[in-house]
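Listed after this line are the structures, all set down as structure tokens.
In the two complexes that follow, chain A is the common piece, with chain B as its partner first and chain C second.
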Partner chain A sequence: MTTTVTAGARRPTAPRQRGGAGRWIREHLVTMFGILALIYLFVPIFVVVMFSFNDPTGRFNYTWVRFSFSAWADPCGISGMCDALLVSLKIGVLATIVATILGTLAAFAMARHRFRGRAVANLLVFLPMATPEVVAGSSLLTLFINLGMPLGQTTIFIAHVMFCVSFVIVTVKARLAGMDPRLEQAAMDLYANRVQTFTKVTWPLVLPGIVSGAMLSFSLSFDDFIITNFNAGQTVTFPMFVWGAYQRALPVQINVVGTAMLLVALILVVLGRLISKLRAR
Partner chain B sequence: MTTAMAPGREAPVTVTGTGLQVRGLVKQYGTFTAVDGIDLDVPEGSFFALLGPSGCGKTTTLRMVAGLEDPTAGAIYIDGDDVSRRRAYQRPVNTVFQNYALFPHLSIFENVAFGLRRRRQQNIKKSVMEMLELVELAHLAERKPTQLSGGQQQRVAVVRALVNKPQVLLLDEPLGALDLKLRRQMQLELKKIQTEVGITFIHVTHDQEEAMTMADTIAVMNAGHVEQLGQPAQLYENPVSVFVANFLGQSNLLRGTISGRDGDWVTAATSAGTIRIPAARCSANGADCLVGVRPEKIQVEEIGTAAATVPSGHNSVTGRVSDASFIGVSTQYQVTVAGGQELTVFSQNTGTALVRPGTDVVLHWDALHTFALDGSQDVRSGMDDPEAQ
Partner chain C sequence: MSIAAALPAGGHHAPSAGPAPSSRSKFTPYFLLLPAGLALIVFYVLPTLTLATTSLQTGSLEQGYTLTWHWPTYGEVLSQYWPQFARSFGYAAGATILALLIAYPLAYTIAFKAGRFRTLMLTLVVAPFFTSFLIRTLAWRQILADEGPVVSFMKATGLMHLTDALGMTQGRVLATGLAVVIGLAYNFLPFMTLPLYNSLEKIDRGLLKASEDLYANSWTTFWKVTWPLSLPGVVGGTLLTFIPAAGDYVNQQFLGTISNTMTGNAIDSLFLQQRQYPQAAALSLVLMVAIIVLVSVYVKRAGTEELV
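Let's look at the complex of A and B:
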């Protein structure tokens, strides 16, 4: 009995094999395009990581010579690079903190309160994002010179806070807009006073928006070259150092720093995932 | 409150001063009046429904009781205390929100424990688990709200409010997001929970069947005021406004003029003939009136048959069947009566043959089932519920 059934069931597979190749391609087309897109995204990053292990013969890290840990063993071996890196990290952290605080407060005001000029304020927030960096940088330089402010870390910091605030406002406001106002009403209905409603319901629900705003701020600040270049004076940030070094050489240590930043970002993302998974359990 | 405390009076609510009383409650938004001076008496431990179409002010009333909206005028008493100036978190009231408003970042357990933690109660774990067991969700205590089905979330929302043992539980269209089958099931479950815990429930809904199934008392609201307040059967059998007559079930309304009064009876002349109405069921102020009868009270008999004799004490009108649709349990007839108006009749399927369209018939019903409303009202008032479409 069993044998006849299986034999009978096997028979109709024959016509299915006829269109085999075309069918396989049709079924996997989306996957293949997906893989191609990922390759496109990851090849440059892969090159950065790979060349951080290179041991170039000249001053330029262009061609693959041999595998080596020498740059990783001596990341600050290039004079001035680690100083520039520290300046960038310091400005990045400070600008992020200030921009996040200011931006979050502004987002709350703009999302929650009705005031005169709210619509205009909503529009103006986008202005720093829409202004070309060259224009913003040169205008700020004019402003600082007219105010008699010495160029340096302070002016860079002020400039970075300026363009980061907009991004924080937009991300936090989006988070607030997506929040059901009844959640806060439910908290008050359940005996939470205003402070408790904020700490127990509003804050935890808005926090992801604030964190992504802060992360965006840091990467924007750390990365910025154009505006910074206008307002840096004698200060050298990491992007400026890389640019400057490129005129004379391209040391492997730049790739080491890049790879390290990548690793830190990756670890942060994985940690975030793990924490939210643990919490969900 | 004390003025009504005369002993031996019939209204027990005002005498005891327990439960919830609303006096002259008004809410205005700019020039728009959402709630226009309403009075409510909700006895302690009762299941009370605020019924009305969307925009009638029922949710605004509920939110004012909860403290989520500030009244423009009026007072709200809970057990004799005026709470209308207290903040939401200072009132002995909890709300089951429309779409539940469960905290998405907290587990089911923490959602239910939220109110208890704010008030620093003892034995939180025991109380929460007891409540979750009441609705058979104890095994899901560590889940997040998004991992639950709509019906389960609804139950969590109910126990999150109930665990605080409020004096009044407010339910704002709590079943609106559920499908019909689940809604029927939850109606029975909510009614059962209410009977078990004995807390006063105030239920806001636009679904008249839901209100009639669940509530002891219904306040029918329209355009910011209470049209009529009473027990479901009383509202259905004896509506005092066209809005109530049309919003709760269906009504046949014939324009008429009051032509005579004779003891307990009023007679009204309509285009279809003279109709007798019990005086107690006549709420017309002047001579103009709308004579009403529910479609299922009317009997249809073919003229010329033996059954066509009208029993004494019945009102009767003659007409011609314009449409007959067989539904199964009943047949719905449209009958055009003298004067051109159409009456709807629900005839129960008790084995009698279908009356074909075009047949001349006599319609009769017990005169006791007739009611008369004030003639100044719009006949279509309460007919189109925008949410019921």
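Let's look at the complex of A and C:
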């Protein structure tokens, strides 16, 4: 933080710059581009939110007609959409729970222990994150085809656990790596046994990492389309509903869900900041 | 990383360094790794193998497919789908460059100019991605639509004549390759911005000051100091953008047209509509190998072994 302040304060005192408006523009050109980029990021979001209040004439919510609350008043008015949402929520929660448990255990092993095959383990964790989704999704499909396993919620769940585990491992590992080992040593020095050290010191310190790993997992699972599409069979998740709807009809309710997702996530971020501020006090 | 390396030495490694390491501490990491490791081996490594064997099968959906080590499938899919391959890599490269051009000033602003707004700006960078990927892409369909704001602006300013002449647009933006590239660049922008921010933020401000003291102007300082030091972020960001973009087909489906499909579209349709599993598997495997080869050449040329 202090470095930023000094860097900012240094600018105006730089003596070798020519004065005038040209200089001001040159100095702030990058910042202007940065702010433009930020605005650009929000253009589609603005469209998503705006069109959730649209009242389109046809089946497709593509052109603006008039302002209306009707879709917000009746979010489940489209057949199949809320069922698809429930499927996505269910798979998201289950996959997150399993991936978080598996990932946290593995992260402890990888951050806290030296063992043979560490490099292999690292590679095994890294590869699923570096594989394009089409390849990961289609590979899993060939496995299920070869095993004769029927496609459905179970296969989607398996696929989601597979790609979420790596993200949980990386997140929790980073948290463990950033922890001060002296805190645990201090607990041991103060005659805490292994279990007490873990429950009183290690666990509370790692928990934020586990929570962010779980949240990342849930958002990846809830929003996944490509891998799910390959392994879903007849099951329809919310992203698959949007994919199907895009060809037949595009109801306003889809934008309502898109806007609601954004709101829920922003509320969670603000709550998270508040909690960490309160804990810091 | 240094703390992680130091940890086992202080905590767990010390006892096992003795003459007789207890079996408990020796096997603990393997027990902890077992569930996740098994999941990744059974549902990541094994599927990669079944993908390979499926690509060498022959038969039909009705009679079933059997492994006959039929290599010619690879030649067939390559000769039939090379335009899709070319577009996948072309669009992904275009999207990566566009994302870099947008993300660099953004990451630079956050790292050097944002001051106390830094956390807020970082949150704003990821906030648009809290909503659904597909819904975001559909929004681009509305923005780039024929009667939409972008096309009207381009027509009014005459920009459309220029892009038409360059072959980027055809009197419209939607359904062209440009629309797909714009969608891809947008959707993977955080993957570019965050690694760039990470490496820019780490740069010692003293080096920039030193460069200025040695009479370098801000342009020279950028190219001689800031840019080289941000290269790990550039490499990481371009990889994290290029890899998913090359495999994506959602942007193409929503923003492109039937005549500019990518490899992902072909894999999807071969697997799920035409059910020609061997061809589909071969195509998928070729895509993965091509990406791995491209990425390793790129990482070598970029001169950094630091991935992500």
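Here is the rule we use: the second predicted complex is superposed on the first by the 247 of 281 C-alpha atoms of A that agree within 3 Å, B and C clash if a C-alpha of one lies under 4 Å from a C-alpha of the other, contacts with A are read in each partner's own complex, and residues count from 1 in each chain.
Methods note: a contact is a pair of C-beta atoms (placed from the backbone, for glycine too) under 8 Å apart; a residue touches a chain by one contact, two chains touch by 3 or more.
Remember, it's a predicted structure, so these values are computed and weren't measured experimentally.
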Chain B versus chain C as contact partner of A:Q196, first or second or both or neither: first
First (chain B), second (chain C), both or neither touched by A:A37: second
Which superposed partner A:L205 touches (first chain B, second chain C, both, neither): first
Greater chain A contact set [chain C / chain B]: C
Touching partner for A:L86 - first (chain B), second (chain C), both, neither: neither
Which of chain B and chain C A:G103 touches, first, second, both or neither: second
Which superposed partner A:V65 touches (first chain B, second chain C, both, neither): neither
First (chain B), second (chain C), both or neither touched by A:A187: first
Intersection of the chain A residues that touch chain B with those that touch chain C: 180, 185
Touching residues on chain A, where the partner in the complex is chain B: 180, 182-183, 185-193, 196, 200-201, 204-205, 280-281
List of chain A residues in touch with chain C within their complex: 1, 3-8, 10, 14, 16, 26, 30-31, 33-38, 40-45, 47-48, 51, 62-63, 101-103, 105-106, 108-115, 121, 124-128, 130-136, 138-143, 145-146, 158-159, 161-162, 165-166, 169, 173, 176-181, 184-185, 219, 223, 225-226, 229-230, 238-239, 242-243, 246, 250, 254-255, 257-259, 261-262, 265-266, 269
Of all residues in chain C, those that touch chain A in their complex: 1, 3-4, 6-8, 10-13, 28-33, 35-37, 39-41, 43-48, 50-51, 53-54, 102-103, 105-106, 108-110, 112-116, 118, 121, 123-125, 127-128, 130-136, 138-143, 145, 147, 186, 189, 205, 208-209, 212, 215, 217-218, 239, 243-244, 246-250, 253-254, 263-264, 267-268, 271-272, 277, 280-281, 284-285, 287-288, 291, 307-308
Complex contacts: residues of chain B adjacent to chain A: 66-68, 87-89, 93-95, 97-99, 101-105, 114-115, 118-119, 142, 144, 160-161, 164
